[in-house]
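Structures follow.
Below, chain A partners chain B and then partners chain C, in two separate complexes.
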Partner chain A sequence: MSASNQTSIKLVLLGEAAVGKSSLVLRFVSNDFQENKEPTIGAAFLTQKCTVNDRTIKFEIWDTAGQERFANLAHLYYRNAQAALVVYDVTKPASFIKARHWMKELKEQSTKNITIALIGNKYDLIMDETSGEEIDGARKVSIEEGKQLADEEGAVFFETSAKTSYNVNEVFMNIAETILEKMDNAKPDENPVAQTQNNNRIDLTAPSQNNINDNGCAC
Partner chain B sequence: MDFFKSVASLAQNAIESINNPNHLTPDQLMQGFFHVPSDEKILGEINVDYIITSMVLYSFSDSIKSAGTYLPVPHNINSRRPGKLTLTQNYLLIKQNDSTEDKIVFHLTSINKVQKLPNAETLHVRVSTTNGMILDIMCDTIRSKAEHFWHTFNKQHNLNKEDRVKLESFQRTLYSEYLISKNCKNSKLGEKHIDIPQHPQGGLGLKYKFPGNESREKEILKLKRWFEYFRRYGRNLELVQNHIFNSLLLVGIPNRLRGEIWETSSGSIYYRYQNAEEYENLLEENKGKHTLAIEEIEKDLNRSLPEYSAFQTDEGIDKLRRVLTAYSWKNPDIGYCQAMNIVTAALLIFMTEDQAFWTLNVLCDKIIPGYYSKTMYGVLLDQKVFEGMVQKTLPLLADHFNKYDIQLSIVSLPWFLSFFLNTMPLVFAFRVMDSFFAKGPKTLFKVALAIVKINSQELLECTDDGECIAVFKNFFASLDEITPEDHKIKRKFDILWEIAFNDFQMIDDRMIIKYRNTFKNEVFKGIDLFVKRAEIRNLPDTPHLNKEQISNIYDRYYRILIQDSNSPNRGNLTMDFDSFEKFMSEIVPWVNMERETRDQSSFLKRLYKNWSNENGEMSLESLVVGVNKIVNRDLMNALSNFFSLYDTENTGRINKETVLEVAEDLIFITTPWRDGKIFDTIANRELEDQIAEKIVQRRKNLIEKGVEVSETEEISLPDEVKFDEDKWKTKQSVRYLSASSSFLQLAFKYAQPYENPDENLINLDDDDEDLNDKRKESITHNKALDPTHPVYITPSMFRMVILANETYSSFFENQFWKSFDLDSPGNITDSVFGGMVGNIRGMVNNVMADGVRVASQVKKKMGDSRIRADTAASSESGASSFAQSETKGNGIYRTSIDSKGAESVMTGWTLESGALGDNFEDHDIDNLLVNNEEVGLLGNNESEPEEEENEDDEDDEFGNFVPADNEKRLADDMNELNLK
Partner chain C sequence: MSDRRPSIVERRPSSALSSRRPSIIPQLEGIEKPNTPNLPENMNVDVLICGTGLINSILAAALSWQGTSVLHIDSNPYYGDDSATLTIEQIKNWFIGSKFNKTGFKNYKNIHLYINDNDFNIVSKDYGIDLSPKILFPRSSLLDLLIKSRVYHYLEFQSLSNFHTFENNNLGKLNANKEDIFTSNEIDLNSKRKLMKFLKFISSPVIELPDNLPKDISIQNFLKKNFKLDDKLINEIIFTLGLINNPKIQLIDALNKIKRYILSFNIYGNFPTLYSKFGGPGEISQGFCRSAAVAGTIYKLNTKLKSYDFENKTAILNDGSNIKINERIISSLNQSINKPENCKFYEISRIIAIVDKSCNEWFQDGESSSIIIFPPNSLNSQNEYPVQCLIMGSETGCCPKGRSIWYLHTIAPTINDIAINDLNSALLKLEENYIRESTFNFNEFNDDDLNYYNNNKPILTESGSMKLSKSLLDFKFKFSNERINYLMKLSFTQLTNIDQLNPENINGYNKEILKTDNNIIIVNMPSSELSYDGIVEEAKKIYKEIVGDDSDFFNVDFEDEEEEIEISNELDAEIKAEVEEIINVDNNQTTQSNQQSEEFEMELES
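Let's look at the complex of A and B:
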């Protein structure tokens, strides 16, 4: 019954253009990095399976376009999402402001129970490779600012580098663990809540339904 | 948030730019069909029969000579076709009657000979072009009309003749001319051509190779076909487009010619010809300027078709930067949208910068308007259209998608935005573009539908978006694969192509327009809502406004902007003063657009200036922040904010002249109350009291008659009671007049002289004692009104002065902020204003409806009617709304004094101590409010009370009615006053 242990997590990436959303996904999905990655038009979709606590997690990742005018479309992708990565560039203060807006929008518009991670990417740009210390003045958004914003919105906070792969897997693992925990907590006694959620929308990512599907396939 | 600000006129623009044939003018229809520039106007139009010929075509009729075998041999060369001949400033155009595609576009410059041929029946004209095209035109219309047409033609033709030199140098930039020049040198057919010894400039492909591995033979074969087409039917600025042209497009354009054919079929070549220097000039003029678009472009330069080698070099990147930047200058409303980088990169493989620039222009503005706009409404709308078409043509699949909540549009959006450039292998995407530039978006719909159809089996097994995407991904990756079909070997792409143009023939412009109209409102509504949500979310915190009020302000703001915008094509992003006045007139009763007074405009200008942002502009943000400030319900804050309207230099002081203005403005903003259009709290309480009194009276009468009266008896107004509306109005009006007069008097009483106007404040710290002495002296002499001694008042003094007057203080406490009607989205009506009552009947009804208060009054009065004056000694609460305010105070006394005072006011502002003295002795401690006002007034006429004493009085008075949380502030104010 290994298939019954598989859980799908729909995850969406949001953030300003060129902060490295697609690169984070590429690093996570293919363990690869491209210096000049084409901008995402509309959105890209990728999947990746991994194992957390003996359970197989299938990430269904919507990687959205970052330019402001595409923000109009983002709700198409974060509807029904269980997790969101709001990404900014630690060397670009403007991208942090945009991250704040995304956090607000998610709070207002997305699923109530959504798990959010705030990601300060391009950590490699502020690190001196040889000394292993931060380059003076390279960092434009402090860790404290990031942590504070994450705390305010009940999100977890990471600084990452898609280029060096620093913290990238950790982000996804943390998300997976948090969501598994939420699911386990929601399962036993809070049936009414779970039921109404299921009735409201055809949620293909809900674990119970998935299990049935997977069982069907496995047979 | 520049982005959000520019959507003010979004809805209007959008509706106009989506081609709605019912709204298009004949000129626009003509431009749309022939792809000529949008400033071309129809100067003449006649029905004709025409014969197309050229030296080369003619040679076919002479069966000996043949001019090429790569295209089908033309038959019925001399056949007459019916059509419509159109003349514009720069073009001679023919549309064949029974065809939706056959057309002729001759630029007037290229016409070098016009002959009238002898013909008894019709006017017969032969038009020859520089490159040997011959057009015989038989005018199928009354002779005079035809002659008039050709007369106009001659005039326009002469105007264009001067451009002959320009034409030749332009032709030298074209590969078609080069092809002819190289291959017709020794032609015996007598074709005219110009000598072009050097390969004209072209796209990056010439240097970095064209993508794909098209064989040399195939490329040459294709070139030969086009070469023949050019010889027979013309090229670039003098071109006949027929079914052969269209089939040449469908089989794919040879790489070397692609750029020119794209610009010819899209019509961008006409723009480039007519605006020779513009591209370079735009770049030159805007050199060094910085915009958001440029920042966005820079981010994407390194990631535009990065797999193509030229875009890994500075040469390629620089070209891309220049074209995208120039376009962002040319059309700042669009600026730059991701996907344009990919499209432009593709253009630059086949085109020079100049060509790519104009093609990008035509693409964004004509072919797919709204796709790259700031809201992307064009592409969003077309996704709805696409889903609608899938529903219509592939209903089974559409049902399946619905069932599993699969949104095809999120999958197809990138297809439409970048014409498959980032989904299909480039060579195939270029094929789509070959057709797309000539035929417009219907090509995209046909190809997209074919993609869905080909994959329908797999798609029917998908249960979510992700699986669908995987199906398409696999399909796109396999386009080059060969599959045997119908005994032929075909690539998957060729099958796709056939399905697109055979199975989806019914997809035409009319169908697209019909579907666009169907989904238009839905899409715009969604965008409007999104934009509104985002913009409101980005406003600063405004604690005194709730979400709905902000939403109403937003709606009203943009409605007025759109109404007042002189140029609907450009979103007027900030509100000018006139619009602001209109806005205010819609939300407050004291601004009236029809009765514009000097006071009105001076006060509103003050507000406008105070609220505007650092650029002196009234944006949505400054408006919301301003309104938030002015509707502050905390009395002390409200007064400080009001003061700051006048303290423009932020000195904490306003001088005598400004105090006079404050007084005038107070008179102005209280106009509806003075006019008796709105009754204030004081009037309400008084009425309440009187009603209670009447009820008490009636009950007493009943008791005297021996009738049992229950305590719980319903409170109702005795029938015989009548209220004289005019009397109430006059009373309130007089009260407000009196308030304004006492405001001035008190203000100048407390006003401080500028110690030393010449030396100003610099020495203030040095000789404190001295100054204090001087101040005291000034106060005792009250030189406020002496022009030689300038005076000022501080915020605390201002608050004191307002609080000292019951009418004004109650006005600020619960009338002024309430006069802003932010809860209703529509226009205000005269009678009911934000829940405020404008007539006595309504006021009576309100009082009666809230029976509790009257009942408590009645109870109190009944309890001890004899000593009613002694009850409720200190009971004024500081509740901020009259709906909540508990009125236990003795209103009758207060009012009687008020009206007496008012009488005195009416008799010419003479306030004699005697006139007030009776009341002064008569009323008790809870009437200090009025008492103090009088003391102040008395003080000016009579012997002034000792300072100390006066202050004691004030202490008591304020202790009575200032809300508890303001006590500290007030104490501070008092301290400030003590210092002086």
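Let's look at the complex of A and C:
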């Protein structure tokens, strides 16, 4: 194995349906936003690189693919996730209650060392563009409460807008920095990344490139 | 008040906190339990699938990528149904459910569960216990499908090299890789020649049977008469390499199964099989369910079918929802509301044991699992059918360090306790052998008896197996305090609606489609086949019944194609150098061994 400066990070999205999980990723990955986006189907996962100093973090971002709707995410989804975004909608109290539930679920299902960010999305809906002030009564989840939940669970907290791209890159940069920091401070046997990367892992797509003299029996 | 928009820094939550006036937003703290929404009213789907076992999950994914709208439910709170990977707590629930024959656990009997929770502080979720463990051959329809569907992205695969055969109270490892045969000290030259002749025969693209073959000749007699192989080798070839569990298998099917093993080497590396980390079929089911969800399948666990009005095509679920079914309902036998017509039940008996030993002695260096086969008549119980064992160590992600999971199964009949006696007999042999291997004091022996790995770890034979070398066979096993403790022992008989003893049912499946009297398609229970072979064919069979044709089975144009290609190009460049390095090393090795084998063949000819 070469000592590459690139680290792959599995990041999972959690949160109630329609809080803008996919939109956040879309903003981060392709700097794009779709109004009235359909519920997520179609993408298995997206990747995006992020450079901190001279080191590169490659995010492998897993979307819920709608399996969160009836609280039916598989173990496989959480497995080896090194980072998670728990997203709620700042205008929807129910989505915040759900976020608290996901935080708990993460504790039970994921690796101990996971880096979590709690995200209050749709910040644009509570901001008056011209005045730069919050629109009266639009906000339904207070910053304090978000911050408190994040603190309790050892998560970082951001309010974001996938629509205006407010704070979106900051979230991912913050996670990248945190993970690099954890890697630097970890003892060799506790490295959050090395722990989950196994040299006995076999790449199933390898033979198609290597076996040119294959006699073609694919029964 | 200024009109200036707050800067990014000011808008950061940390700074916002200090400047903001007290919140007037109602506190949400204390409201803990979120509501799980119900399915939409007047929901309308093409296909309802009950049970998230492996075949059902492949079907859900295949159908939804084809454009069929699918609702996929399971009566349990986890994915996997009859092929689930369970924690210890889930095993306890499974035990209770099965004892009471509840929906979701309908096809089990003779269930006994022992858990030693007092001596061992068991952390339930550290364990992943497969109800029907399986291994993967590199050339197989499931592996092709994992790649084609891209479900392999979600999974991790590891190699499994060691296939041991139990004979004369010992575990031996047959070297079925040509290179190993040449270097083996255990096989005499005469046997090597016969074995090479057989390997040459079986490796040909199309197996051509000799013309003058007696009708219905068994694989045993065929190997004896045509290749003059001895009984020990014949047992190893049929039951260990072929993983055949029915001694009455037809000749050509047996040869194809043996061939499957022989042709598996050097596809992904110098090993014959793989397994998925963190659990077998249960893990792969989750992968296909995720794929199905990506394609639009709606998932709702903890939900079961309550009734189905076939005339009006209306299904009622236990959550009260009313679903209009445009096409069909597919259900696993475990979760079906009624039994299929003319359905008989057949048996597969299993023991699953978790022990307080790593079992590293049984694994190849760098690996964490092995296969151990007890051929017919190798046990004190005079077993008519082989007992197949899969040993999973801690690196499989299925148990903590210092422990391992032993899976044993047989298709022997349960009448007169035949099956359970065979299984317990095999379990005892595993114990005895393990203690002998692990308590060996290497200092008591001459250096001549031992070989060393590169890392100076002593082994007893050239092949790396645990078989005692000849000079050590006289060694008397001293009484030792060392013993194996069971953290868990589960034994049960799993029912299936396909006769596992009928040699025509290849891989334990047949061509028929089972239906209930209200036209629900029933998916078969897992078969006794230790590999995944036959699973994709089962899914295709039902797919064809619904779609009318299986030519577009997973014929998918992925939306994210471009993205993926871009990424894989990047990846390519990175790993190319590494891969090339490995290939170069491999090439050198292959050239050497080729030379070796050519030399050997010349030797034979002269």
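In the analysis below, the second predicted complex is superposed on the first by the 172 of 219 C-alpha atoms of A that agree within 3 Å, B and C clash if a C-alpha of one lies under 4 Å from a C-alpha of the other, contacts with A are read in each partner's own complex, and residues count from 1 in each chain.
The working rule: contacts are C-beta pairs under 8 Å (C-beta built on N, C-alpha and C of every residue); 3 or more make two chains touch, one makes a residue touch a chain.
What you see is a predicted model; the values in this text were computed from it and never measured.
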Chain B versus chain C as contact partner of A:K98, first or second or both or neither: second
Partner chain(s) touched by A:A18 [first = chain B, second = chain C, both, neither]: first
Chain B versus chain C, judged by how many residues of chain A each one touches: C
Touched partner set for A:F157, first chain B, second chain C, both or neither: second
Which of chain B and chain C A:Y166 touches, first, second, both or neither: second
Contacts of A:L125 with chain B and chain C, given as first, second, both or neither: neither
Chain B versus chain C as contact partner of A:F45, first or second or both or neither: both
Touching partner for A:A186 - first (chain B), second (chain C), both, neither: neither
Which of chain B and chain C A:R139 touches, first, second, both or neither: second
Shared chain A surface residues [contacts with chain B and with chain C]: 41-43, 45, 47, 65-67, 69-72, 75-77, 101, 108, 201-202, 204
Of all residues in chain C, those that touch chain A in their complex: 3-6, 8, 11-13, 16-17, 20, 23, 25-29, 31-37, 39, 78-79, 125, 138-139, 143-144, 146-147, 150, 152-159, 205, 263, 267-269, 274, 277-278, 283, 286-287, 289-291, 293-296, 298-301, 366-368, 395, 558-560, 563, 567, 574, 577-579, 583
Residue ranges of chain A in contact with chain C within the complex: 1-2, 4, 6, 16, 41-47, 65-67, 69-72, 74-77, 79, 93-94, 96-98, 100-101, 108, 131-132, 139-148, 157-159, 166-167, 170, 198, 200-211, 215, 217-219
Complex contacts: residues of chain B adjacent to chain A: 3, 296, 299-300, 302-306, 337-339, 341-342, 373-376, 380, 404-405, 407, 409-410, 413-414, 417-418, 422, 463-466, 469, 527, 530-531, 533-534, 537-538
Chain A residues touching chain B - in the complex, by the definition given at the top: 17-18, 34-43, 45, 47, 60, 65-73, 75-77, 101, 104-105, 108-109, 201-202, 204, 213
